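Comments concern the structure below.
Read from first to last, the chains carry the letters A, B and C; within each, the first residue is number 1.
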Amino acid sequence: MATLLDLKSIHKSYGAVQALNGVSLTVREGEVLAICGDNGAGKSTLIKIVSGAEAATSGQVFLRGKEVHFASPADALACGVATIYQDLALAPRLQVYQNIFMGAELTRATFIPFLRILDKKKMSQAAADYLGRLNIEIKDMKAPVASLSGGQRQAVAISRALRWQASLVIMDEPTAALGVRETAQVLDLIRQLHDQAVTIIIISHNMEDVVAVATRIVILKNGLKLGECLTENLTAAELSRMIALGDLGDRNIIRQTAVE
Amino acid sequence: MKCKKIGLARTAALMAVFFLTTTQAFAGDFKLGIVVTAMSSETHARTAHAAEETARKLGWDVTILDSQANVQKIVSNLENLAQAKVNAILVCMGKPVETEAGLAAVSKAGTPMISVMSGTSPHVMFDITVNEYEVGAEAALYLLGQLNYQGHILTQRYESHVGTRIRGKILDVVLAENLAVKVIGSHTMAKTKSWREDVRKGMEALLLQNQGKFQGIWASFDAQAFIIDDLLQAQGHKKGDIVMVSIDGGQETFRRIRDPNSLLTASVFIPFEAMGKKAVELMDQIVNKGDKKEELVTGPYLFLDALMIDKYNAPPEGEWPKM
Amino acid sequence: MTEKYQNFLRRYGTALGGLALFIFFAIAAENFLNPSNLLNVLKQISFLTILAIGFSFALTTSELDLSFATVGSLACVVAGGLIYHQFSPILAIAAGLFAGLAAGVINGLIVTRLKVPSLIGTLAVSSIATGVSFWITGGVAFVGRWADAFLFLGRGQLVGIPVLVFWTLIIAVFSLFVLKQTRIGIHMIFTGENDEAARLGGIPTQKMKVLGLSISGLTAGFTGVLLASTLSSADPTAADGFMLTAIAAVLLGMTMIEPGHPNVPGSLIGALTIGILSNGLILMGVEYYVQDIILGMIIIASVSVSASTITKAAFSV
């Protein structure tokens, strides 16, 4: 499989806090890569750098072999990298379709150049279509997001990635705070995306989920990459133990790169 | 929960409106509307209340409307009174040029209008006022006379109001003829809500800077003089050390002039109460008794006399000068 | 059924209250229903309404603008000063609008670049605007008989209806269109709703905040120009008095249509209610201070409903 994303020696510090200490990793096209690790390991920080929400202190990001510098989430989105954040980043009072198209509305031009009219009908239809592709039923595209269930909200957030026609979708703890049924629904969503040849990076503390959907796992600790392993024949318990011990043993398929 | 709160808030607001409106509606046959530029100004309020009192004695219904120093609000108050079809309107310390639109609306509705200390307008029968030029001259000459036409003075001016500006200009004229009296320090008050603080700071600096070098102080209106008086007293000055003259008059002014500790020497008393009273009496004569305006007042102005008050003629507590 | 009814009451209760007030005055206040009086009310609330709509744009992006009233005065003085000195009305109007817009942009930059909370930043700009107004005028209003073309802006009538009423309607309709139907509008709403989410979604939230405050400045500028024209004079405090009533109109508007959030129809009805109240009370001969007391109560009652939006705007950077 071709390499989609290549991170080289990413460092990130917040003042005195070293959140990332030189992480390098490769994401291949079509895979579902899970990033695991304890609280504060640097998972969210890493994906914020990929999604353009934060700038790395040093290091390089290559997308399809070309170096990129995302100054904002909008830059990343334009390159097909969409991120679904831990807190979903929705506006609860606003409607389903408005949230799906947040920042990327379908519009028509008016005689005033900067005043573009919203094409509400087209957006609602497209929104229903995206949700349909994810096998999610939300009847009213005009319902406020606040009235949806957790799983439905996750679907709204993921639909946004479809709207962007993203080739890489990053999800930060998509199943946190969800019930059993809704978690299953979200895992299903991820499989749907995977089937549509979308590359996915997922962060999760739920080992069952990771083992269920991921094809490969990267484990971080204290801003460093401990190693990588494949999910074939891996049990959730085994994965938990690896994270807790901070050692992948002979499951490790890559050596930790030297710390700069 | 929130729903309940909204309901509660609305009920409270509505109840308040109904309560307040039903308690004080127009009841009599003759309705007088008084439009005041700023009830927060003591002189405006004194004029309005004197007029109100006189009108109530005549059995009239009176509404005072405050414009909160907002020109547009003067206009809308006038327009609303015209719509209310009141029988007469009194404008206190108005601004006829700026509020021409409102005055025109009233005169179009045929409502007779008299103004007090406003200046003239074709829509108003006449303006009752004192001659500010004369008032300014009296204050200036009193001050210079007390100083025997020589020495140094400090001035506290206010240029954003017609009356006080005229007083200042007249002082300048008088000083231009009497070169032995020199202004060695002057502070101009800014037009802000915190003008008292402005006067206090400005004068405090001038007093310190010129300590012992001045014999007289001129203030453009009494409330400024009170602040300066307090500063001087705090600095240990005694009555007679310095001659301080101002303009407006009123119970607090008279009290200070009588007070052996105060530095306020004299003030030109402007008969605000008398003007308010006179306005209502003349309105009654013209509108209800059929007298002709021309027979009562010649020209656009009716001038009342202002009176120089110092310790020799200051009225006792609670009384007013005999004019 | 009851839920539907409750929801209806939540959205339109205040408007119904306004209607009740209207009916009350229609019965209790003589001359209230006169067409000339009703037009009078519409004309009088125009300044208030335009300022309120501008303020609600800023509030939509979750920023307070406490400078609009004095900025309005500044624009009034700028436009009036140019007219007074015989410049062309077009230039005077443009300069007045520009003064308002410039103040709004400065507000926006102070809030977004210098990270000063809008509660404080706009208050500071308000003070500066007052200072400049007094600097320009020396405290003395520009007065005179000004060009008819300029006076028409605020005093004219079209088919028997004051031009001011048309200005208000045009601005209200256009604002509603921008907020509800255009991309810029929804981007401003997203910015106010969830700043971080909007930013992550690729919306330039800082620019939207600058835009919200700029619109508030621009409408304040327009109000100032209208005031100069209506009054045929320019006083350095001409619009200062609208501060509290305009905010009250917006707050009252936030108790209806979209409860808890600034909205144009709500602001319009809010301003109308305040205008009716003031006019009705005067027609009934109620003393002046009653209006202030009621205005204060309206503000408290309204904010108790929409406190979260206001506090967010007031205290977030």
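Note that in this section a residue touches a chain if its C-beta (ideal position, glycine included) is under 8 Å from a C-beta of that chain, and two chains touch if they have at least 3 such contacts.
What you are looking at is a predicted structure, and each value in this text was computed from that prediction instead of being measured.
**Q** Among line, ring, star, complete and other, which best matches the way these chains touch?
**A** Contact map by chain: line.
**Q** Using CA atoms only, can you tell me which chain is the most central one in this structure?
**A** C
**Q** Averaged over CA atoms, how far is the centre of chain B from the centre of chain C? Could you give it in whole Å?
**A** The separation of the two C-alpha centroids amounts to 32 Å.
**Q** When the C-alpha atoms of chain A and chain C are each averaged to a single point, how far apart are the two points in Å?
**A** 43
**Q** When the C-alpha atoms of chain A and chain B are each averaged to a single point, how far apart are the two points in Å?
**A** Taking the average C-alpha coordinate of chain A and of chain B, the gap between them is 71 Å.
**Q** Provide the residue numbers of chain C that touch chain B in the complex, in ascending order.
**A** 6, 9-10, 13-14, 17, 20-21, 24, 28, 30-31, 34, 36-37, 40, 43-44, 47, 130, 134, 138-141, 143-144, 155, 227, 230-233, 235-242, 255, 259, 277-290, 293-294, 297-298, 300-302, 304-305
**Q** Where on chain C does chain A make contact in their complex?
**A** Of all residues in chain C, those touching chain A are 178, 181-187, 189-190, 193-194, 196-204, 261.
**Q** Under the stated contact criterion, what part of chain B meets chain C in this complex?
**A** 2-3, 5-7, 9-10, 12-14, 16-18, 20-22, 24-26, 31, 36, 39, 61, 63-66, 68-73, 75-77, 79-81, 83-85, 95, 97-101, 159-160, 165, 190-192
**Q** Over in the complex, which chain A residues touch chain C? Could you list them?
**A** 51, 53, 72-74, 77, 83, 85, 88-94, 98, 102-105, 107, 110, 114-118, 160
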